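This structure is in structure tokens; I'll ask about it shortly.
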Amino acid sequence: MHNQSQSFRDSTISTARELEIELEELPDWYCCGAVYPLRSEDLISLLSPTRNLMGAKKEGKELVTLCSACYQVLKRTNYLILNDADKREKLNNYLEEKYDGSTKVLHFLEVIRKDVGWEELKSKVKTSLTGLKAAPYYGCLLLRPQKELVFDHPENPTIFENFLQSLGCDIVDFPYKTECCGAYLGITEEKVINSAVLKIIQGANKRGIEVLITSCPLCLYNLEAGQKELMKSGHISKPVPVLYFTQLLALALGLGVDVCHFEEHQINPLPVLERLK
Amino acid sequence: MEIVAFCCQWCSYAGADLAGTSRLKYPANIRIIKIPCSSRINPTFIMRALSKGVDGVMVAGCHPGDCHYSTGNYFTRRRLMVLKRLLEFSGINPERLQLYWISAAEGGKFAESVKDIISKLEKIQDKPFPKNPESSP
Amino acid sequence: MEISIEKINYELREAIEERSNQKIINCYQCGKCSAGCPSENLMDVPPHEIVRMLQLGLIDEALEVNSPWFCTSCFTCLSRCPRAIDIARIMEALRYYNLNDVFQPFDPNVLSDEVKTRLPQQALVSLWRKGT
Amino acid sequence: MRNIGVFVCWCGLNISRTVDIKRVVEETSSHPQVICSTDYKYLCSEPGQKLIKEIVKEKGLEGYVIAACSPGMHETTFRELASRCEINPYLCEMANIREQCSWVHEDREEATGKAIKLVNMAIEKVLHNEPLYPESFPLNKRAMVIGAGVAGMQAALDIADAGYEVLLVEKRPFIGGHMTQLSETFPTLDCAQCILTPKTAEVARHPRITLMPYSEVEEVKGYVGNFEAVIRRKATFVDWNKCTGCAICIEKCPKKIYPEFECGLKEGKSIDMAFPQAVPYKVFINKESCIFLNQGKCGVCAKLCPEEAIDFQQQDQLVKEKIGAIIVATGYDLIDKSELAEFGYGKYKDVIDGMQFERINSSSGPFSGVIRRPSDGKIPKEIVFIQCAGSRDREKGKPYCSKICCMYTAKQARLYKHKVPDGQVYVFYMDIRAGGKGYEEFIYRSVEESGMLYLRGQVSRVFEEDGKLIVWGMDTLSGKKIEINADMVVLASAIVPSNGVKELANILKITTDEHGFIQEAHPKLKPIECMTRGVYLAGCGHAPKDIAESVAQGSATASKVFSLFSRNSVLAEPTVSIVNKDECSGCLSCETVCPYQAIEKENYRGKVIAKVNSALCQGCGSCTVACRSGAIDLRGYTNQQIMAELEALLWK
Amino acid sequence: MKNQSYIELTAMLEQKINQLLSENKVDYLIVYGKGSFWFKTRPLLIRKQTEIEKVIWNRFCQFNLSTFLKPGSRKGEKIGIITKKCDIRSVVELIKNNQINKDNLYIIQVACDGIINWQKLENLLGATVSKVIEVEENALNFVIKMPETNIEVLKNDYLLDKCLICDYQQSFYADEFLITSEEKVEEIKNQFLPSLEILENMSYEERLEYWLKHFSRCMRCYACRNVCPVCYCPTCMFDSQEGLWISKESKTSENYVYHLTRAFHTATLCVECGECERVCPVNIPLMKLNNKLAKEVSEIFGYQAGLKVDEVSPFKTYCQEDSDEFK
């Protein structure tokens, strides 16, 4: 994140400060592995997320993630450790010390909902984003499988909508918000991305959506890269900028554009955002 | 080896019958006493049986929640939990008392349970209650 | 198609059930998974048919098709499946059995620098994870 | 001490193959109380029973043991035989040497040894048996039917026609149940109202049926033949003795609401009548929405009512009723909207369930019979029906088949085609289950004549785009993913038990299955009896079923009630607990363990002691263990008997 | 607690009783009276104020008087009873099990500092026990005054086991709690007698042998049953159906069934007052059975007998979520 998603990082850190949420980088964190291991015997891949969870436990803190993928991996790992005694046992054999699954895994959105609250957030907004036709793009990893993540309703999630509402945006009902972007296949199987992104962007255009909001670096990348491709091939004319929810939050809280690093984006959001100031 | 089985007539006794109609085989040293509900089993029956040198007592009832008398087996469960510990404290290997939940549809489970208790009893080293204790100590 | 006891590969089916921890025979072929699958259009065989193949023990056939490689593990199928079958896990298991023969590890150097700078590590890590 | 006879059955080869019958006979005849022991090929056969009868006469037996199959099989046979031999039936015991001996053991030696033990145990038990005589209780020849749907009404009518009083309790303010909401019915397509109204009218005017609409059962005490029910008659705020149904009040009522009857599709008033043919033909006030009841002003209806029937002071009333039998016909509801989110149900107006379609299609419905979509009233040109919406879905906790969806979907599709000939119908199905007279033919007539498209597969998602409903489905037969831009989507939603059934079940002490449907006493042989004697079961409260079946069940329960009422008293099983008054300490430990509240208090020699209500007692015997002094014992399974069996078993 | 305070308490007691009788609050009282021997006491039933001076209160008042409520409970007479804290729990059980009506009962709890186990004194002094003048005490020791010498013994060695684990100073459910000013309140100590562990650690065979040895000495005099305050059945099951459960002869196997059954029957009711063991002529360690069951019951169901009048005994109710150790 320090390298490629400064936008995500800085916007988060600054907004958190603004909202008086104490964030602290996990000392010597490990990469969670990005995908939750789906083979039942694959325990090794569970180790690094477990180490992170244990790290948080040592700190006696809740583990907050920004990225949907990390969220999915950490929360599911925790779920497994909590509910599968046998696997817990096996895992603990690999670990320096026992971990029991007691760490609470939260997404930054949940933290805002829990510690700030939508009403409170509204009151903190300096530049309301009224008139900005925004739609959330949840993607997959935040919502499914609901049984393990219990993040929001898998078919009709609302947490992003509530968030955007408090920022003053005009919410557009966007059925594609829960459709997949093609995930890591973006690298090897372009057509997966293109077909997925095409659906999503066309849907967005039809509804006059000006900006899509996400919390997943990969979603963001795919949506942007995909759009560029599709514009080349002329499948879409009107690109839709994609932003991290924290960037929009930063703007609303009046923290200025520099924390947002809009230059990172392949589809420049500024034209859309100009209006706001 | 001699084993007494108390079976409630609605679930486990019917289960035993099913084991029969499905011609499942199990050892012959089990004697079934039919009772209306496992909650009819007076702990003294079990003490009596064991003190007369029976090797094991098997109690079988409907699965918790499916009791024909709706709550009977919940009481059985509590009573036997305590009885098991009392027997153990009195010097009788608690394995000698086994309780199984067997529904009328579980002929297989009945046969298995009989084999189970027998294999457990075979493992037990210590002798059952002496036939004439007067001479023993 | 001729089915025979020799042809039906139960060992491998069980192995796959084991690895994926899914009861393949639970599927009653409603097709809900395929209907919602984002990459169905790119697969030679839609997800529910893969499961059907496995049910019939036609493992070799199942291993030949490209479908597993197009599964993005978005869990849409799982979250709507009336029988709670996690097809993503089944696909993962199939990928696993395929790796040995068809898989050639991905070389990041083929990517343009432009892509490399922008692409989140998450993408590469996932890809390698899935492909190894 | 008694003279016992032992009869050992060969059961052809079934027993004799593994058990040495001769030895069993010899060994047992050595028992001091056994004055004769004999065997026969088939004891249950005519000659077998004749043989027993003769020997009983000749030897003057006072009780006997039958060593044969399981008591579950033939106990009744041989106990009836006993009474024909002038022996108390409870002096006959069976030794189960087939199911629990010859069939499960191979070693002849062991099997024979066991058989002998089992017979000895039975002998000991008989020796300690007491002759038992079933107690009889008077019974109250009056039935209560809970639920005035088509099943309940049928039961009520049959019973009333047979000359018995019936109490018909219905929680909605009108009778007829869900059938009143339907437009036409499969497979004959005759109008639901047209075939139902004659029945509702008949129920209303029947001299022996007491109708209790807008009422709910609060409490039921007692036992078969002698139940006592407390029923809450909810306030309608209208004096129904005065109301003539002139409907002026409805016309003038300022408060608009969306009544449940029209499934939220058609506007109604706060004071209203559910539908034009409602029985009773009376208006009622919706407590939640009425302006006067909530804000204390308005009262237009009261001012205008020519009969001065409006009574805002009206209160719920609790009435006590004595009845002898109860029929539960509580019916069904449809699965909750939130469960079907992937179909956009509850989110998009034009995604409706089957019942809503019935209302739309009904001439008294929101569009007076013209098929329009709720959102904009347009006539849908492309319509998608989705079967198994929630049914057969383990994950939604409804693994069962709702049974009627295949049929009513075909019906609705067909009716749609009749009214919108140029419209296109798509039906997503998983299997077609049309097991009923003329059902299969009906389905195929629909498919062939009306040219609708049946797609084999489920729908994954429905969402709105450009004013259309995008349906993502699968046709597993072609292996193709199907995308349809539809104008309207109709879900054949899963059927669930109507709410409140669980509570009612507790009140009636009957059981419900894991889905909340009421449990029958035996899935095959007692499909309409409940676990509690005197309580019977009809209609969809038991499981999803169609109108014909519900009616059949209604009549079936009625016939059960006849056979109960045809006697002047009920016999109770004599195998019940009994208290030894002098030994009872009055600690009443037995009271709390009794599942049937059969233990009552009684004053005896200046102390309070326990008393068993033998009508309530079901003979589980839990009390006999709770009782430390052994003052309560269970007839037929007394401590003596069980100990005797135990002793016999320990003989070496 | 000095002898002085026992004398004070006795005075308070007499005064209270006097008041109760004079105001006809009770028809009679069950109290402690002087026994046949200097260290013995006996239960006493007094109806008249004139009998009051017979009332005593000292370190030898061992009986659990609630035993005498069993017969009294039937006739509607008003009864007053003197109890130690430990005994009240059995009164509570009798009330819980409808054996006596609280309205007809007046409970006087008297502060107690532990009861001296006189069997141990006898064992210590042998024949000279008759020479004892009195037993004084200081902080740690009992001082046994003899004509020639004084013998000092450690208190805790000569108190009843149950007293070692009892917070006897607290008032509990009594209508009247008599306590002198200078009392200190002790906190409750470990719940269960350590002596169980020895038995618990034996092998099954050793344990069986241990019990059979004891049971073989049982004469089935039924004293344990008759003295037990919670053995309130008008007819015990072993009497009612003679020879049904066990044969009349006192064979070890029969005794085994008798004692285990009794232990099971009193489980959830036994308040561990120790009367059964006290009265046993052949000193069978019956309390070990009772203590064990009390321990198990409280571990499984978190229940202790005789603590609350409105508490339901675990055998009279059930919970679907009970741990299911059976298959």
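Of note:
All chains are identified by letter, namely A, B, C, D and E, in their written order; residue positions are counted from 1 within each chain.
Assume contacts are C-beta pairs under 8 Å (C-beta built on N, C-alpha and C of every residue); 3 or more make two chains touch, one makes a residue touch a chain.
Just so you know, these numbers come straight off a predicted model, no measurement behind them.
The minimum number of touch steps linking chain D to chain E comes to 1. The minimum number of touch steps separating chain B from chain C is 2.
Nearest to the common centre of all protein CA atoms is the CA centroid of chain D. Comparing the centres of all chains, each the average of its CA atoms, the largest separation from chain E belongs to C. Work out the mean CA point of chain C and of chain D, and you get 46 Å between them.
Averaging C-alpha coordinates per chain places the centre of chain A 58 Å away from that of chain B. Remark: chain C and chain E have CA centroids separated by 73 Å (rounded to whole angstrom). Separating the CA-averaged centres of chain A and chain E is a span of 69 Å. Counting partner chains per residue, chain D has residues 342, 593, 626, 639, 643 touching two or more of them. Contact of a single residue of chain C with at least two other chains is seen at positions 41, 76. In chain B, 43, 48, 52, 71, 75, 79 are the positions where the chain touches two or more neighbouring chains simultaneously. Going by the touch rule set out above, the chain pairs that meet are A-C, A-D, B-D, B-E, C-D, D-E. Residue ranges on chain D touching chain A, taken from their complex, read 341-342, 347, 463-466, 470. The touching residues of chain A, when paired with chain D in their complex, are 153-156, 173, 175, 203, 206.
The touching residues of chain C, when paired with chain A in their complex, are 18-21, 38-39, 41-42, 69-70, 72-76, 78-79, 86, 88-89, 92-93, 96, 106, 111, 115, 117-127, 129-130. Interface residues of chain E facing chain D in the complex, by the touch rule stated above, are 74-76, 97-99, 232-237, 240-241, 244-245, 265, 312-313, 315-317. Within the complex, the chain D residues that touch chain E are 580, 582-589, 592-593, 606-608, 626, 628-631, 639-640, 643.
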